[in-house]
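Shared between the two complexes below is chain A, which pairs with chain B and chain C, respectively.
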Partner chain A sequence: MSTKNKKVMVVGGGIAGLTAAWELSRFNIDVELIEKTPFLGGYAIQYCCKATDECRQCGACTVEAMLKNVVNEPKIKVHLATDVEKINNSGRFSVDLKKSSYQPVSATEGVIRGYSKNNSPLHVIVDKEKCEENPDAVPEGAVELDTMGFSGKLDVDAVILASGFQPFDAEQKGTYGYKKFPNVVTGMDLERIIRENATVVRPSDGKAAQKIAFIQCVGSRDENLGNLWCSQVCCPYALRMAETIKHKNADAEISIFYMDIQNVGKNYAEFYEKCKTDFRFVRNIPVDVFPMENDSLSMRYMNEEDGLCINEEFDLLVLSVGIMPGPDNNDLSGIFDVGLNEDGFFAGIDKLNSTSTLKGGIFLAGTVAGPKDIAASMAHAGQAASEVIKHLGVS
Partner chain B sequence: MTDMKHTDMEEINIATDVLVLGGGLTGIKAASEIAGSGYKVILVEKDAELGGRKGPGTLVGLKEESKGLQDLEDKIKTDSNVEILTQASLVSAAGVTGDFTARLLKGAEVIEQNVGAIVVATEFATGALNEKYGLSLADNVLTQSRMDELLASESDKEKFANKTVAFLVSLGQEGNPLVLERGLRSVLALQEIDGCDAYIYAGDLKVASNGLERMYKESREKGAVYFKLTEKPEIVENGKTISFFDSVARRNIEISPDFIVVEEEMCANHLNEELAEILRINVGPSGFLQSDNVHFFPVRSNREGIFVAGSTREISSLPSAWTDVENIAIEVKDLLGDGKKIVAKNKAVVNEDKCVICLTCYRCCPHGAIYWGDKKAIISPVACQGCGICASECPMDAIQVGGFEDEDMTEKVKSGVVSGNGTPRLLAFCCQNSAFEAGEMADMFKMPLPEGLRMIKVPCAGKIDLDYILNAFVAGADGILVMACHPGNCKSENGNTFAQWRVNDAYRMMEEVGLEKDRLCFVGTASNMGSGFSSIVVDMEKRINELGLSPLK
Partner chain C sequence: MAEEAIKLGGKRKSTFLDKVKEILPDGGNLNLCLTCGACSSGCPATGLADMDPRKFLRMAALGMDEEVTKSPWVWMCTGCQRCIYVCPMKIDIPQLVYEARATWPREERPKGILGSCDMALRNDSGSAMGTSEDDFKFVVEDVLEEYQEAQPEFKDMQAPIDKQGAEFFLNQNSREPVTEPDEMPPLWKILHLVGADWTYGSKGWGGENYCMFLADNDSWEHVTRIAAKQADDLGCKVFLNTE
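And then the complex of A and B:
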């Protein structure tokens, strides 16, 4: 069968959606890529490089490369700031799209910027009034959010759902003081801090942090929250970022509070040995954090040696927040009539084929179907693309 | 895109048969998918039977799927697109993608096959770890595999009624989710047996796989007791008692189990290293194939047209092996197409008049893309990745890379040395995969950049000739940066290493002429780190300002 006129809609422009779109375009399939925010790249485009004197295989650079592939590929049509409203299946899928209701979480300025130079537009005006107050600060080429988004209909032959995850909202664990104490940050925040500054600075004073604690499993493996899964990415990102910090500042004292350390990459055994010489590992998840002078933080936890509680002071506290089901999963589940699993992620057809769904023609890619790192999301998206190609009978 | 402007294209014919090495489940699935795309597959298995190596752990948690797997195995045997060679092995593989000549040994017979792509699908191996715990296998000391066997038999199961079973996990090795899942499934199965109690002594519980945390919780709710330790418990009289000091309860906890189940390690197939040598692909950590390089994940190797699946490349559950296979299916399809391929004529061209067939290029090509004919070395336009390492290493300067010809590069070096109003003239040779992207990002995001800095794009740091560096100094550069991908991140595996060697050569020469070493800097950068690029070049400018302008100008 010819590939002519075959069209696939990919929902979500994060790393899984980008990869799926790119793989399909290699087979001459037209792709409509729908992204609810004004920027492609999702969360993964915000991550920093975690190399020390060698690459640590975090994969952040591969996201940049994939985004570049996609924006240069004419077979892929990108719809930013757009949501799926409705879908009808009558042979082909008829999809109603609408301008998304996206609002930036914290628009302290009138303009927001994409994380990649390959984002187009690079700057988006989210608050016109603020921009009018200071028009010189508005970068050239900035586009008003209000003018973005696509409302209309599309006919497509298949759909890949790649709407991703959301990071755990650390404010839910109130005793850690996230957003109350400036030097309590999440793993996501730390990614962005390093990405922007090429080094770690304390949010409170912009100075280098010397004594740093990472708390693992924030939001993951948490019975109280009903989150009975391991997010699979937090040990890798925490240990890799900790190594990056240590590489830049050999005097940094880093402690990792954990339940069970999960494997990091293909060369895990060697990497973990290095981590054990570089950091202090404490098998205990602290509960309470108190503010100190100089915006430092005091943390109470149990000392394994003698079973007694100790208080210890840190300059910076990093909460290793996990992967939660996407905020739109329930809505999307309704729109596409595809079920969620007991954890709230989308359910694949069986264990061996986690990209196909019970609904013919609708496929899953990436963290929409459960926690995955960058490499695993890309592989899953490749698998989804392969299943779509088979489904369409493209050769 | 713009690099293609000089490029003339040509159409070539390539072989479209595919060789799959390994007749385990992953190999069978790969053969089935590739044959399904319309290519002829030669499936090679060293044992007498296909799928015979359903090794321990392969089918963990896939009871429901096992019927489908049997069907897949049966179907492949009657698939007219699949030729099955059992008791056969690969002895050599000459040529490049699109035109590999594979020689297979089956008994005394040598079979030659011309194939376009090769898939390696070896299974992992397992080994008992009882010695790590000072235990000898006995009636009461079982391997996880033995436990799996016993639990699979209704009559054997009964021997665990009213017994206490202790599991040792992640203390004799780091372990992985597959090892934990095997243990958890045994625990859950034992909990179905009357009066059977399970105790688990564990290091880090490797729950980083879908569903494992729930299984862990279920087993605890059903009464399994977990002791999470940082070192092995004390075991006496080959498992008669196990004890350790509990830091929370502040006391010794001792148990006398009826059975002890010892975890097994999962390791790379012993055939991997030999296959890697024959196929000229790199071996990664712990004997798994595919180097630890993000640009190859999930299924690519350093050579175009040679793919690795599942447990060939890391310890894989069957679902992840399936993911790999689907990725290979589209890679193969994209690579082989309908057997006609449009390729760039000038990707890398060897000048017959200059080439003396010294084989330097053959040896240094990280992609195994070069072979030789009667009069000159030949670079396959399909296998070549255009890194240019060969062009820079060629002692006769006989190789030109499209878009990066020597003449153009010489001109770019000259014109790249510009004065920034009295500030240092800085030249940065930037790998297009990393530093060049980061530099553009820094510029676009208005991060600080020295006024006198110019970037020269190269296809890979391995293309940076010693001549480029020396010419730049002669042209008056005050400082030169050689900006490569971090070690382990080079798309051409070791282009950055070649660049580092050339920088070291340059240091020696600079020393001879009395030029300060600080004027030349070799550094790793990532494509997404504009901030990193900015801080490197700003630091460099500071250093040059301290040194003063170049004495050569």
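And then the complex of A and C:
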């Protein structure tokens, strides 16, 4: 069968969606890539490089490379700031798209910025009035959010859902004081802090943090929250970021509070041994955090050696938040008529076939179907693309 | 012989954990422990008697029934339930502690709690001080009169005992009428100001229940039933437990 006129819609422009789109384009398939925010790249484009004197294989730079591939590929048509409204299935899928209802959380100066030089546009005006007050501050080439987004119809032969995840909202674990105490941050915040400052600074005063604690499993493996899964990525990102910090500042004292540590990539055994000499591992999840002078934080936890509770002060507390089902999963499940599993992620047919759904022609890629790191999301997206190709009878 | 190691029997003999699981709703999640230690971080009894809630649960899970149930630590747990609140797996450690207490021969349980429970069983007041109905009545009336006179804005305030048909049945820590009678009126004042129709009971007014802390189920039930029956007999709709 010829590939002529075969067209696939990919929903979500994170690393999974980008990879799926790219793989499909390799088979000469036309791709319509729908992204609800004004920027491609998803969460993974926001991460810092975690190389020390060697590459730590965190995968962050592969996202940049894939983004570049996609924006330069004419067979992939990108619709930024766009949502799927409705879909009709009668052989082909007829899709109604609409301008996205996306609202940025914060925008000083009225402009938000993408994370990569391959984001086009790189600057998006979200508050026109603010920009008119100070027109010199508006970067060249900035585009108004109102003018972005696509409303209209598309006909496609298959759909890949790659709408991703959301990081755990750490405010739900109230005793840690996230958003109450400035120097309690999440792993996601820390990625951005290191990316922007090339090192780790305290949000309260911009000074380098000397004594740092990571608390693992925040939001994951927690029956109280109904989240029984291990998020798989938070041990690796925490240990890699901790090594990055230590590499820049050999005097930094880093403690990791954990239940048990998950595998961190191929050279895990060696890497973990190094971590054990560089950081203090405490097998205990602290519960109470109190603010101290100087915006430092005091934490109470049980000391393993003598079983007594101790209070210890830290400059910075990092909550290793995990991977939660995407915020739009319920809506998308309704629109596409594809079920979610009991955890709230999209359900594949079975473990061995986690990219196909019970609905023919609709496939899953990346964290939309459960926790994965960047490499696993890319592999999953590649698998989804090959399932689509089989489904369309293209070769 | 070198240092004595913890020895586990060849055959899995844990009956204690299994027994407790049987009586807890959903097994109390007792076999879901992640060994994270969050319970021990927050527990006020961590480190006492060389024990903490995680260690306690782990030892129970390993079938160390003797060591677990015999540890004096079971009497140091305050029953505050902080551990359940912070446990990612909602594990009910205090109930495990309670069942461990219940394995102790009654007369070997801590004197203070034992004595207070026995005291409460002496008459129908439920009072761990053994205060009689008449003494309670006398103190309440005396204190009320004093306040009505000294504070004219509360001259109409009441502190009824056995008022038939009152909406609220109120109990009272029995140490207060005996040693700190002035601790009672603040609550009366609040109830007076909001216009609540309430009463004490001549029976079952003692609010503390040491038989519960003693893990003596029958006595706990006995003391509770007296108070509940009195509230029912008076036709009260709401039982206000102040303890």
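Criterion: the second predicted complex is superposed on the first by the 393 of 395 C-alpha atoms of A that agree within 3 Å, B and C clash if a C-alpha of one lies under 4 Å from a C-alpha of the other, contacts with A are read in each partner's own complex, and residues count from 1 in each chain.
Keep this in mind: a contact is a pair of C-beta atoms (placed from the backbone, for glycine too) under 8 Å apart; a residue touches a chain by one contact, two chains touch by 3 or more.
As the structure is a prediction and not an experimental result, all values here were calculated from the model.
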Is A:Val287 in contact with chain B, with chain C, with both, or with neither (first, second, both, neither)?
-> second
Scan A:Glu270 for contacts with chain B and chain C and give back first, second, both or neither.
-> first
Please work out whether A:Arg221 is in contact with chain B alone, chain C alone, both, or neither, and reply first, second, both or neither.
-> both
So, A:Thr175: does it touch chain B (first), chain C (second), both, or neither?
-> second
Give one of first, second, both or neither to describe whether A:Gly382 is in contact with chain B, with chain C, with both, or with none.
-> first
Considering only the touch criterion stated at the top, classify A:Gly59 as touching first (chain B), second (chain C), both, or neither.
-> first
Quick one: classify A:Tyr301 as touching chain B (first), chain C (second), both or neither.
-> second
Looking at chain A, which partner touches more of its residues: chain C or chain B?
-> B
Which residues form the common part of the chain A surface touched by chain B and by chain C?
-> 221, 223, 259-260, 283, 302, 307
Where on chain A is chain C touching in the complex?
-> 175, 217, 221-225, 259-260, 283-288, 300-302, 306-309
Touching chain A in the complex: which residues of chain B?
-> 1, 33, 36-38, 61-62, 64-65, 68, 174, 176-177, 204-210, 212-214, 217, 228, 230, 247-248, 250, 284-286, 288, 292-295, 297-299, 313-314, 318-320, 322-324, 326-327, 329-330, 333-334, 433-434, 437, 440-441, 444-445, 485-489, 524, 526-532, 534-535
In the complex, chain C residues that touch chain A = 29, 32, 34-38, 40-43, 46-47, 50-52, 54-55, 86-90
Going by the contact rule at the top, pick out the chain A residues touching chain B in the complex.
-> 23, 26-27, 45, 47-49, 51, 53-55, 57-65, 68, 72, 113, 116-117, 122, 195-199, 221, 223, 228-230, 232, 235, 259-263, 265-270, 272, 283, 302, 304-305, 307, 342, 350-355, 370-371, 375, 378-380, 382-383, 385-387, 389-390, 395
